[in-house]
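Here chain A shows up in two complexes: once beside chain B, once beside chain C.
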Partner chain A sequence: MSSDRTKKTKPADHPGTLIAESIKALGSGFATTAKHLLRRPVTEQYPEQKRVLPERSRARIVLTRDPDGRERCVACYLCSAVCPVSCISMQSTGGEGGRRVAAWFRINFSRCIYCGLCEEACPTSAIQLTPDFENCRQDILEMVFEKDDLLVDHGGRDDRYCFYRHAGIATDTAGKGEHVNEQPPVDAKSNLP
Partner chain B sequence: MIKLIIDNLRVEVPPGTRVIDAAEQAGIMIPRFCYHPALGAVGACRVCAVQVLEGSCRGIRMSCMIEAEEGMVISTTDEEAVAFRRQVIEWLMANHPHDCPVCDEGGQCLLQDMTVSGGHGRRRLPVKKRTHIDQHLGPLVVHEMNRCIQCYRCVRFYREYAGYTDLGVMGSAGRVYFGRRSDGVLESPFAGNLIDVCPTGVFTDRPSRFKGRYWDFERTPSVCIHCSLGCRVTVNTRYREVVRVEAAHDPQVNGWFICDRGRYGFPYASSPQRPRSARIDGRKSGVDEALDEAARRLSGIAQRHGSGSVALAASGRVCLETLGALTRFGSEKGWRGPFFRAGPRTAEALQSASKNLEEKISISLKDIEKSDFILLVGCDPVNEAPMLALSVRQARRRGAVVALADARSVQLPLDARRLALRPSQLTAALMRFAGKAVADGGAALSDRARGFLQACRDSRVDPAVDEQIDHLGLAARESRRPVVVCGTSAVAPDTPAAAANVARLLAAEGRKAGFFPVLPGANALALGLAGRTADHGAALREALEKGDVRALVVVETNLSELGFSADDPLLENLEALVVCDCLDSAAGRAARVFIPTQTVFEAGGTFVSAEARVREARPAFRGGTPVAQVSGGGHPPRTFSPDIPGADPLPAWQVLAALAREGTRVSADTLRKALPAPLCGAAPGKRLALPASAPDAFQPPEDPATAADGGLEVVVCEHIFGSEPLSRRAACLQELESAPRLGLHPGDAAALQLSAGQRVAVDCGRGVIEGEIEIVNEMARGVLLVPRLRGIDWHAAADGPLVVAVADIRSVKPNGES
Partner chain C sequence: MLAWITGLIVLLVKLVVVLVALLLTAAYLVWAERKLLARLQVRLGPNRAGKFGLLQPIADMIKLLTKEDLVPESADRVIFLLAPAVVSVTALLMFAVVPFGTDITLFGRRVPLIISDINVALLLVFAFSSLGVYGVALGGWASNSKFALIGGIRGAAQMISYELPLGLSLVPVVMLARSFSLVDIVNAQNSYPFILVQPLAFAIFVISAMAESKRIPFDLPEAENELGAGFHTEYSGMRFGLFFLGEYVHMQVLGALVAVFFLGGWRGPWLPGPLWLFVKIIAVALVMIWIRGTLPRLRYDQLMAICWKVLVPAALINIILTGFVMLI
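Up next is the complex of A and B:
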């Protein structure tokens, strides 16, 4: 504004200035229209056209499976603890082969803000966000997904990881001393070096 | 007081305080794994390192191993100390498995907290992890040895503090292993504390395994109601279900620990069998309708037969508010009772124990730990009041003499001098002991006390044991803090009064003597103070037989405690049997009107412990059927309604108010105020204002020696698991119950020509007790031990030590024929 004051120009409300500016604006507007008439359109015709979203875009949450097809979720409650809107609830229980599993697992997608903190907290790569954002329902109760709705039959991004091959607890996947980076169990009753 | 500086803060502590405790007093929590206030310091984990800048030992020191000195300057934030602690955590984590997500300790794990706060995130060690094979340690505790950081807290608690030896440490160097010689159930009834003391997840809770995380639980301060000690506990609830009970710290009562009965006794509250709806004549109904119907029937009977034809029955399980309602509405309406205990003997024993508790001789569990001579009379601490056994053990560890006079072969986690005496001999034995324990003629004593002392000196028990008692009395002469602990179920009716008098006599001599009663039920002291001696089960039976009582209101009481069997014909003759209970019982099923009541977890309540401490349990949740039961194990229902399913039960005091047609909106405070002094002034957290001296202090018993010849005294023995009516419903504790067998001394068994395993039937007058014989070596002669366990009709002998003639004992074949 200071430059306006120093420059010697015609006053803004001078009739000549107004007419010149109007013609200039009209001209530039039509020029823009004319330019776009000849260009290829950038608008994508959703839902007829669907863009392939980046792999890491965050939308509908799934529960993935181990390489051997078993549920990955160990119901450790870290996702429900970290969830800022408290949309995840679950009940852990003992599963087959000494595993810890979710008796039920529920995500209320009407509350979810797709922040991805649950995925970051998950120690077993079970909970993952997928690019599938088309997750709307007429009835709000249908937005509450149970474990069966969330489970998918693949390992998602980290598809070769199996928590029970690394955790030290004995399950039907690996016994004591059989996990990655473990020595065989020691004999506590021996005093030999 | 010693003045020192920790992290630029001036701290003043008494001499002998460890630096780690001094820092805690100033609000600085130095990391620790092996140090525990109850277990002491061993300096095993090296994580409490601090920098001593000024003092006799400068440099990096373990703060649990050094005592505060005058002028000491300590820094916990010193760079070297921080680096040291960080390094220690990394070492401790070297072999720790990668299993926090599936470990129940996660969220309340000291190791997890320290690892995160130490900033250790990635394992840098290139070698493979050492692993261990776990053991099966029974239904209560899960063992996962890989997680161990060798802090030795478990064995220090289990062997040194609690005194059991089946868990220990094996191996050497990197193979150090904490466990049993081989798989098997942990023998200690305090094993659950391993879960609390373990700073990581080596020992975790089996019943609540995989049930949830610490941060999801609603944690409520409460009180354990499974015996008369009133230990403080923390109740963890989630989804309308009690998940876990943990010990809460109370320096005066339970310290840091609780017993397994208190820890695992809660499942009755969320049992699928728990009655949650009212019933009228066997048909389900709404609670309001049932209350209305019951009140109508009771008032009808009172009109037709007089108000005295309605009787109330209660037990030590009712809280102070309910007891207040029983007293207030009972007297307003002219109803009889509350009737409590089985008969005159047990009622008198309870009342003489309650009414003799006076200010000067009443002591806490903590005082027992500090005493130097403990005489246990007719009480079995581990089975009747488990935490008492731990307190007695702490006294023994400090060198106290512990003596035990009992008919049973009492098992204690310590060495005690034993006197095997029949219940009828206990009073005389106590008095003879006191006669020897008081050194001179008692110049400082009052006339009454001198009279009692003379009666003590004249007391005789049996030439065979008199000498042992005299030795014991002489051993007690030098003690400065003698304590007499007296039970109420395996004693003669006048024994508790004699025990209190002995404590009074020792106190009158100028010593810090104490009397500690062991009572039946969490609120038994209040019941003993508020109830009338004449209102006992035998009197109720008599009134029922005569037809004086036509209606009976049973409030949170098992009728077996009043000496009735489940199918007693007298109960069938009643015009109205109204049962208000949170348990599914035979009486409840037989009731004309049944009204469900809330448990202590839902209603809360105030209880007065055996040491006259007023304990408050706060409501932990609002009640209702657990979500897991409503949903059948799957996900919670997807329909929503404003009411909680299964939330019909009411607090018992509200039920009583409704039965008296006073409406359920009665305040708990006014009900407590309806009780007689000193109960009306009960303030939670404080001790009851006990009388300065009991009216019948130093009253010698009328006839101290009434030994029966030729017969056997029947003693009903409590067991830690299986006897107490609430905890016996816990499936995990049922696995630990002993086999129900009738105990006999080898001499008596030989005289009766009975052998171990033989089945006998004992006619107790009111009923027949049948069971297998077990030969018990350390018990008294002339006694028959009847366990209060499922499978035995013990209620026939519920009224204290009654005498059966030898002719009443006959052997039967296993199928029941004579």
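Up next is the complex of A and C:
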């Protein structure tokens, strides 16, 4: 910055040196582009060469499953609430064995901006973004994915995590007090003075 | 009568050959520009249509021809439809006076390898070049769009300004050749090309020629990052294609003119005349592409300052010096 200022206050150069300097500058510019002509192009030819995307890159959304193969989604609506483009919709319902599940779960991928906020909001690690970005469709209605299209048969990133092992709710897998790090419920009547 | 008819047939054949060659070269110049520019920017360029993307110009042409020819509702319809033709026609007509070889003998008739050798060819070139301004200015005006209008006005101002150094830089060439005819100018360079004695005029001519053809770094009329596409913003389909074609034909014509005025035209050892001219045109075009890949666009005041404060005085001094040297 300071060198710039001193340059400006310096008296004007001799026109001859100015011309020589500008020709030198032009020449170095042309030499630079000429050198680039000999470099290998950096282009990746997409359909033939597919770059391995980072594991955490965000594209198609999936619904993952518990280690025991059951749906993780508890239909809490948090993802649908946080979605900035309102592309997620669902209907919560009481499922089997005291679990809540989504009666239907729908993501409109023609609206989705792949921001990943749904994944952050999800309390059960159910909704996750995968690096699979090749999701073009000819018909825009095919971009609406239903629950069956979204469900995958693995646990995605947290594949050992199971919400109902920690939840503290009595379900068909564990009653009250049987979860991880949980003590049996205190019998209030035994506490009487 | 028979001589007249054969003369007409020969002329028509020459016209067809030159037109086809010009348009084909224009198409492949687009390909060369895209390819070379891509390599200058460490990219690959078109490589999907055919080998090395060689069918790309054909694909582009089919695309342009089949696209809808839109006319904006508020545009001045007649002028809007005519403007692209003005640009490409003036560019094509300029080539009529460029000689591309010595006279050849066909069936006992001498056929000059030029479409029309007229004694004021150089003035004709400038006349068409000035008419080309109408295409840009009217196209920009008739679109009735702000971007197009600004582009058109810029184009008119720039092209009219640069006509001056373009013309003045050629005065020494005319003085040396003692003729306005391009054939005579080429013949005058029999022993040496004029670039050796007129390097300053050559530099001025090339710079002004690039400004005339609205190429980077003088592409203010179409400055895509400020004006959309400048004067041809509202054009679509083949009418846009005509502007595009005009630009690339103009590039070839300027290459041919640089060759004729400074590089000895079709003259050269070993190769036949037309081929030498072609080689020189392509060389000039490639240098123009290289310049496009190197230099950024000038600011508007810089553009005008270079023209009026540098090129015009330099050209005038060059004329005086040449006259002085010729007298003594």
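Simple rule for what comes next: the second predicted complex is superposed on the first by the 149 of 193 C-alpha atoms of A that agree within 3 Å, B and C clash if a C-alpha of one lies under 4 Å from a C-alpha of the other, contacts with A are read in each partner's own complex, and residues count from 1 in each chain.
As a convention for this text, contacts are C-beta pairs under 8 Å (C-beta built on N, C-alpha and C of every residue); 3 or more make two chains touch, one makes a residue touch a chain.
On a predicted model such as this, the values are computed, not experimentally measured, just so you know.
Shared-chain residue A:V52: touches no atom of chain B or chain C.
Of the two partner chains placed by the overlay, only chain C lies in contact with A:T33; chain B stays clear of it. With both complexes placed on chain A, chain A has more residues touched by B than by the other of chain B and chain C. With both structures placed on the common chain, the touch criterion links A:C136 to neither chain B nor chain C. Of the two partner chains, chain C is the only one touched by A:V42; chain B is not.
When the two structures are aligned on the shared chain, A:C76 is found in touch with chain B, with no touch to chain C.
Under the contact criterion defined above, no residue of chain A touches both chain B in one complex and chain C in the other. Of all residues in chain A, those touching chain C in their complex are 29-30, 32-34, 36-37, 39-43, 45.
Chain B meets chain A in the complex at residues 97-102, 106-107, 128-134, 144, 146-147, 170-177, 179, 209-213, 215-216, 239, 628, 631, 633-636, 638.
Those residues of chain C that touch chain A in the shared complex are 36, 38-44, 47, 290-291, 293-295.
On chain A, the positions that touch chain B within their shared complex are 74-78, 80-81, 91-94, 99-100, 103-106, 123-124, 141, 144, 146-147, 163, 166-170, 176-177, 179, 181-191, 193.
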